[in-house]
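The same subunit A turns up in both complexes below, where it pairs with subunit B and then with subunit C.
== the complex of A and B ==
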């Protein structure tokens, strides 16, 4: 039993890194733009398809391919914001953006169905089956890379937000859009770039997701979005670093319950989430100030 | 997760296309006005969603059958016209679709959907309106547990799919049998019953169970489950899977843990041809086993003609035709024989005829229904990947079987 717990904790922590990577863009976009991007699941899948095409058809290394997919997804994010989010204004904006994001999800899903069909595709790169032996257990390479990328991504987002002029503009926009406009910040530009960055980061999550899953279809985003939203809510809406902690909590709790009864794993996580939110409604790392606007 | 999913599926329905498929045209020999009206046959299929690959294969099977029938004069001198609605793999939507097909589209007959999960609720709808419900993918016990008189499954009952595998284990000398086995199962009415039955029959053979758990079907990765199975280090793994990704995830997990079982058999996944080998690699497929009742090389003239027609219409090769196509085609064949046998589309007459003990023919072989609507003539086979080829290995004495590869080779990486 002892080593089963060790395996479960290792699997949970590493799996948490992958989920944090997928959720980072979601929490950034919510924190800055007040948008619950329900298209995040399909954006992860889109990132997975882009990596699939580059790896399986163009034979470009998965990690090198990120140099293409991240900018591409950044561009897609900016276009999505410009076409679907920017025109929405007024008191109903938040609920309307929810519908707009859902429409975006359906459009992307439709395009993927048209291009790739409904059959599962799989990246199946050598890195997906390799592992290293550490302290008596095998740790899968792809999860280690995923965890490392999650930490790097979160650190990069943190540095961008707190160590750059653009970051100051983003934080000002996050706290009060009207005041930000008054001091000369181009809120629309900042918002578009932030949405683009959030989507670009999702390309990394998509690559890792595509690599760890045995196969995916345009429909796979639906299995992801509820978990990603749960992570962001548990972390505290808008808390990028908290997403990693919440994701690790979720996957470790599930992995531990898996030892006892796998069918209860997901339920136990959601139960724990409800209890935590009852005690701390702003989430594990949420700050009221973030939601002040 | 389920509530979120249900909400998204419900919203997604607004964008789902209801697809009407017009069967190929041919000449009709009947000149009366009423007989010129086509026979409307309704079906709900999972053209999107979790079962979309199977649902689309089913659509092709139904279309192929309709094309064949129409090119041979139709049924009772009337052409057939399929009305296929997309259920997005949702048990709720499938209920709505069959209700609409019967009450709005006024179809003459209905064909079953894909998967036991969707067959169970849709059979009740058909029963409510007195329709015979011939289907090919609802072989799980939950479909028959309601004892509906209108359900007729032309395929192999799910629970018995692993029988040849267990029989083979029994035939081995005790010293050659696996000593331990693991039974990870997806929470699905197709996957769980057959693995649980196999487990109950393997334990008395002295094969100790070291892992037996049911896991949620729709989790994005199976690392913890695969790790726990690998940690238990069983000689045999009997995986209750429903699709390629589940099997591929376990294979990748086992590779990562450097765990090589002597036997690895999965309820579904390895039967998906190129989709499977693409996901795991041809070398890793070696030795993987899967139960099924049909394969493209199935030695029957009807089956070979269907495979030829499939390749001619949809392209590819014979190995691209999976068992879903044959199951769907068989649904059409059995229904056609029942209609021609009764000269009627009336549900009660068709149900009585299908229950009469008559033996029907199909591309999957003979079909005869017991009182529950299970096909008692269906024969289970076990297939295995050997050197990049998908071959029949069990029953060992069956025509077409080759020697089983045991123990399974180690993973290629």
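== the complex of A and C ==
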């Protein structure tokens, strides 16, 4: 029993890092563009399939493959923004962009079904089956690598946001789009790149997700997006640090509940979200707190 | 204007007549099946619009109420051994159960606005789906089978058809009444600027919540009717994310917040989708559905009816201006007359 709990906590924290990365992309896009990309879940699955194809059919190492999949997902993100999000304006923009993302998700899901069918596939790389022995438990290597990769990417995102000129434009756009435009920031360009970055991280998230989950189908996108939405809402929309904390908290809680209640474990996500919202509608790390950083 | 009103009334009478005689002309069960599906979507799209279209709170979780009504029907018809026309008496009860579910959902979700509201409705949808797949009362993922109605096979679909038609007419009439009323005005004030509406004395929470509950009541009845018609309840079909999307698409297609818009959307899109599903494999129809959705959002963002109405008004204005301006009128006089008309 003791080792079970240790394992659940370890897997929860390490897996939480990966969810944090996916959620960071979601919440960054929300902060800058004021849209919720409900396609994030299926984009992660798309990233997982890309890694799967590269590894299984072209025999490219999973981590080397990221050099291909990250730019590819970035490009897909920019294209989605340019074609479907940028043209939407006016008073109904909020709901329109959300629906447009949903429609994009449907198309991607349909294409994935066409290409890969509805059977579960899994990335069976050596790194996913090897494990290390720590604290009396055997932890699959991929958890450690995935967590490390996620942390590195989040740190890179932070450095980009707070140490570069582009990051300054992004933050300015987050704070006030009109003012940002007035001081000469190309808001459309910033938005396109941000959407690309938010989508690009799904390549990394997808590779790790595809490796740590027992298997995935195009339908996995729904499960992912419902978790990601719960994380970003719990954290408070627009807060990257909050998303990190919320993701780790949620996945750990889920892993612990999973020990004695496997069927209802995923409900922990929604219950936590609903309880928090009933008490604090702006989420744990509401938008204003983030803006003040 | 009176000519237009007469025309509109005549159109309505013709539409009602077509609805009334449809199953007598098209006796093919596939045709009536499509028609029943379409009518159910007329009901749900109008009910959805009555809440989301009027109040601006976009719900992507109406499948929760639809599914609650459906599962109540499935369980009650089995447990209480109700079948045939007696089972139809369960419909208002199913609506009531869905309305009861809507109260806590609304109390939590309506505290937040915009994106967060939409996301929370999605979350409630996933909770409902999870519950339906795991609870014993819903039969879990193996689903429930309803008693098969003792109707003659040749006219099996007709009772369902007429019930759906009556519900559809009542729902649209109710939407019309709500829109004309002070209550409807309050809802639209909330849509335009909730804080200002509250400042002007609209009790926003009771107004929003009651609209959601009313909408859920109708949606629950529609779900119950539908599940009794198809005879089986599986979690994946009863709680289907595509259902929510289809309903929203219909309302957007016709015109969000209008009365005829969701009706038009359902009448056009549901048969189109059924036809697409017949013509293609499941995945292709999903891709086409997504593409259609994008086309509508990008090119008809305010819906067919408002766009058409705008063109009509523009055309009329051009005609009126031509008529107004006799050949020798000076530009300054013209500007004056225009300024006067815009102020009135």
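We take it that the second predicted complex is superposed on the first by the 280 of 293 C-alpha atoms of A that agree within 3 Å, B and C clash if a C-alpha of one lies under 4 Å from a C-alpha of the other, contacts with A are read in each partner's own complex, and residues count from 1 in each chain.
Everything below uses one rule, namely that a contact is a pair of C-beta atoms (placed from the backbone, for glycine too) under 8 Å apart; a residue touches a chain by one contact, two chains touch by 3 or more.
Bear in mind the structure is a predicted one, so any value in this text is a computation, not a measurement.
Novice: After the subunit A overlay, clash or fit between subunit B and subunit C?
Specialist: Clash.
Novice: Should A:102 be classified as contacting the first partner (subunit B), the second (subunit C), both, or neither?
Specialist: The answer is both, since A:102 touches subunit B and subunit C.
Novice: Between subunit B (first) and subunit C (second), which does A:176 come into contact with in this model arrangement: first, second, both, or neither?
Specialist: neither
Novice: Contact-wise, after the overlay, does A:216 reach subunit B, subunit C, both or neither (first, second, both, neither)?
Specialist: After superposing on A, A:216 lies in contact with subunit B but is clear of subunit C.
Novice: Looking at A:61 after the superposition, I want to know if it touches subunit B, subunit C, both of them or none. Which is it: first, second, both, neither?
Specialist: In the superposition, A:61 contacts neither subunit B nor subunit C.
Novice: Which holds for A:126: it touches subunit B only (first), subunit C only (second), both, or neither?
Specialist: Touch status of A:126: first partner only.
Novice: Is A:281 contacted by the first partner subunit B, the second partner subunit C, both or neither?
Specialist: Only subunit C; A:281 stays clear of subunit B.
Novice: Is A:140 touching anything from subunit B or subunit C once the two structures are fitted on A? First, second, both or neither.
Specialist: A:140 contacts subunit B only, not subunit C.
Novice: Is A:111 touching anything from subunit B or subunit C once the two structures are fitted on A? First, second, both or neither.
Specialist: So A:111 only meets subunit C here.
Novice: Counting only touches as set out at the top, which of subunit B and subunit C does A:8 meet: first, second, both, neither?
Specialist: First partner only, subunit B.
Novice: Tell me which of 5-13, 203-211 or 239-247 in subunit C produces the clash with subunit B after alignment on chain A.
Specialist: 239-247
Novice: Give me the intersection of subunit A's contacts with subunit B and its contacts with subunit C, in residue numbers.
Specialist: 102, 106, 110, 113, 222, 226, 229, 263, 266, 270
Novice: Please give the residue numbers of subunit C that touch subunit A in the complex, ascending.
Specialist: 58, 60, 108, 111-112, 114-116, 118-120, 122-124, 126-127, 130, 134, 241-242, 245, 248-249, 252, 256, 282-284, 286-287, 289-291, 293-294, 297-298, 301-302
Novice: Applying the document's contact rule, which stretches of subunit B touch subunit A when the two form their complex?
Specialist: Touching subunit A from subunit B are residues 1, 4-5, 8-9, 11-12, 15, 47-50, 52-53, 55-56, 89, 187, 213-216, 218-225, 227-228, 231, 243-253, 255-258, 275, 278-281, 411, 413.
Novice: For the complex, give me every residue of subunit A touching subunit C.
Specialist: So the residues of subunit A touching subunit C come out as 30, 34-36, 38, 84, 87-88, 90, 92, 94-96, 98-100, 102-107, 109-111, 113-114, 222, 226, 229-230, 232-233, 237, 263-264, 266-267, 270, 273-274, 277-278, 281, 283.
Novice: Can you list the subunit A residues touching subunit B in their complex?
Specialist: Interface residues on subunit A, with respect to subunit B: 3-4, 7-8, 11-12, 14-15, 18, 102, 106, 110, 113, 117-122, 124, 126, 128-131, 138, 140-141, 143, 209, 212-217, 219-220, 222-227, 229, 254-255, 258-259, 261-263, 265-266, 270.
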